[in-house]
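Just so it is clear, A, B, C and D label the chains in written order, and each chain counts residues from 1 on its own.
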């Protein structure tokens, strides 16, 4: 339920209502706005009815949240949420560029790639230390050693870092080294992991699963917010369809749909979304034009030697060129890098 | 096979080779370029081998076309084909905007919508006279009367017109009234119809089928070119996937893929591609950013009264706004309206 | 609308009602049952309301058809329709086996394959004369010569024949040679063709399109029935999904869904549905177990020499074995070959 | 690599080879057969080449495993693996029926449902204690209390029990109470969890992910086998496609494909595969006819009161009827309940 207070409602009055909601075992939300205070109450609506909130003299209206997701919904929170990773901002007109190699391989590879990202205007460095790989015999990432390298190189080039966490048990150590935690597509409905990152106190990037409907993605985000973390960025990275010319089908219409339904920022990953280097730049620009609040792009100092995802990683000069094009395009689209 | 001639090859020599190719029952192609002449020979390659073209003193090289499509392939024809519908051009850096109502309903509706299209910068007017409808009980279009209205209104506002043809038997009458013929998604593999429009001598817009791979679309285009018509525009209009938040999933990565594989111009239809008015403008801009050579957009003077596709038709003022945004964006993308 | 008459309604009374319905420009249906007569009225329901049929003393009830399809719906026609092709029957507990080569290639190939089909218990011979091929350079079928061979061989082995028609203009000649007309998956929404076969007076087999929902298939069938032909068999032949291990994904759940929603018989084509010979027999048996009223199977006297679809065609001995297994299984499933 | 020994190879000789393989850091497999011993060596094949095994006098042949999966492949292990859960067997001609409610709700519900399962011939009882739910606000299962109830009721009715584990940290406690561990579709590529169940020493049922290709499923199974557990059953439970008439599209062709590529048993879940009660029985029979080694079916003592998946749960009498039909059908298909 969304409870809109009348303009003159006092802080004490609001506090009293929140306490009454919580006393019934419901989750109470406090959302003060410029003009009036809005409260939320999540849980069994029959219980809520017993409070007769609509009869309160300072309550203007009580209305249900129609969507199955609540905390992520624009119904409940009409203003854009801005998510900050270090000095980078996503949402509310701010556009963030996340770039780096698929996997952390060694210091030279990471540093070279990070410098290429930084030169192109990236505001966050990415790099995988724990890699979810289809085959048990493929390179599985450097693990903790990779986390340490990532943190060190991020500091060296002056960029905050984001990396994927694939297991609840790893959340603590990843959160110790990284500025933001990424949930990969294969784990989008690993609900135990969603709850764990929700409690970790770091911004989260949640990637859409390969067969996840837009509503499924928002429900997965709801798990994170319901665990106490609203610093969450949604990421469109392609869905699985019958088309085989590209690795996935990048569903860019998901960007304006997500932004209409949710207040959370939305970014696009054209690298996984296409799987083909030559398509990364056009689809990055298309993502920006579709209204994305940022991009996540793979760049590698030497793509042909990459231990994973080489064919979709940009060369440093291509990364630079993408940065230039974005810088020219974004102001026309009402956003800034 | 692609036969590249040496720089000094005389016209007579080339003509002789073309005659020898045709005498073997193969299709011969003559593609004079700025620096040298290229010939094509399509058909049974064992027969071609009997000509021993590589032994001809003026032949520089003979190489196979690797793709299953030949005439539409960039291997055979490396330069962009520019397709012209009236004064509008598509391809080679020229961007065309096709707009109009889904269906021709009556003169007032069509004229009002056409003026809105024209005001927004459209260079071609669209409108359906024969409508392929899922239900036999739905409005099936005005037929010949619709064609006459379309031609008349096009002349009145000064725009060439394109309309869909759904049956081989109708190709002649549609070609009499329209400046370009459209093949709809449901007929993309109606091979009899593809051959008929190939012989009609008018530019063709070929829409991708809902379950067509990019290669299937190119093979369908090959039918048209093999029937003698190379004035063909490919149109991405969304594929069918599990996602239900949008009517179709607009596969914008298909744009750079198609342009890499083929010399034909590629346009995007964000109206059918999303089915939702509010998504049309962001996806139109995204299509342009992805590299499209044009757009096909539905606009209606009064969408809520439309006999078909009202929910995805732009209002005239939204159309105008889209035109403005495109005009600002395209120069940055190296194309002009 | 479905109009249920009271038990004692006279023939004249019913006739009078039908005339009143038609006088309003609606389509009137007469469905006499064992216990009582049911009438149907299709068209603008506001017009129907003007007749005040519920006030007629011999009318028991008037209720709407909820599905978007009407004539194909079980709401309107609760009893199984039995479709007959020559001596073969499909539906209402009767199971028909259609078999033969993908394409008619020559007399020896067709006759050998037809004998193999007959020996295995097939009741209808299939064979394509007009082949819809993805590539314009592939074998397109023998055309009219193929029709003649098919008719001749069918007579020789004593089986009725079915063949695909791909173009409205060909319906007449195909109907002259064949006992039933097939609409292929690519033409499932070629509405002009659906209307043409609806008027041809021969049983129709309608294949589900590769991206057609079950409801789309029923709407396509409605076109045929609305054109005056209710001898129609629905055919599940696989849909296009992300899975590439099989040519298509055979959606066997469509069989019980279709049979619940429609009175029309449903068959399964495991040859196109899988594209792989070794999968044809298990999926044929699975189709029967799922409740199908028949099968359409490709058999070729020499699959490795087939001009099309060799990899999915059964060898004659495999066909024989399939026939044996079906004969054992069907009685347990309440159906007979 | 697969190393086939000559018929007379001594145990000591074989042991020596295995030690040499392991000394190189490769995984060595010992697969004694009726006629001859086969060894496997997994890992970097360049390292293996250094052993020059083909020069060993008792080695008949050395050949690569072509598939990306190794331990699950029929290339490496040609004979059917039989997986045993309590007294139930799956594979090698033995057919197992797993039945029970979606979730453990309380003792009465579980006991009633378990008796219905047992009466119908089920050999394993299923019931979820940890439920992966799309919404954080939906019933998430009884947790450990559910495990205890499941174990107790299983003992009471005399059936082994299987339940889902959704988090690595829960594997130990689940393995303490259950006879087999289930990995759900959403966790099919939760590689940390796959490794954990691989080490748990209990049989595993691995469900195919909603967007998993058959090869992805086999690669996920490879994770479990590579962790030391070859008692694994593959489960087809429907994939996500554009069709919305059913909850998922049950891909029954996956059954014969999986059985051709792997030695592991394959079962079908028609409950999740369709989501609709009336489709469960026909698709269960179809699964058996397609060659499955077993079924997993949801039955509930009172489906309309179920806390989850009520619409797809069989009533006890429907379960009984399914058991009767299976008992009649299976002997014809060469398998026994």
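Everything below uses one rule, namely that a residue touches a chain if its C-beta (ideal position, glycine included) is under 8 Å from a C-beta of that chain, and two chains touch if they have at least 3 such contacts.
Bear in mind that the values here come from a model prediction, so they are computed numbers and not experimental data.
Chain centres here are C-alpha means, and the one lying farthest from chain B is D. The interface with the greater number of C-beta contacts, when B-D is set against B-C, is B-C.
Spacing of chain B relative to chain D, judged by their CA centroids, is 49 angstrom.
As a whole-number value, the distance joining the C-alpha centres of chain B and chain C reads 34 Å. Among the residues of chain C, those touching two or more other chains are numbered 211, 239-242, 244.
Residues 42-43, 68-70, 132-137, 166-169, 186-187, 189-192, 209-211, 216, 219, 222-223, 226, 239-240 of chain D are the ones that touch chain A when the two sit in their complex. Contact residues of chain A toward chain B in the complex are 211, 213-215, 239, 241-246, 249-257, 260, 273-274, 278-279, 282-283, 285-291, 325, 328-329, 332-333. Interface residues of chain C, counted against chain A in their complex, comprise 240-242, 244.
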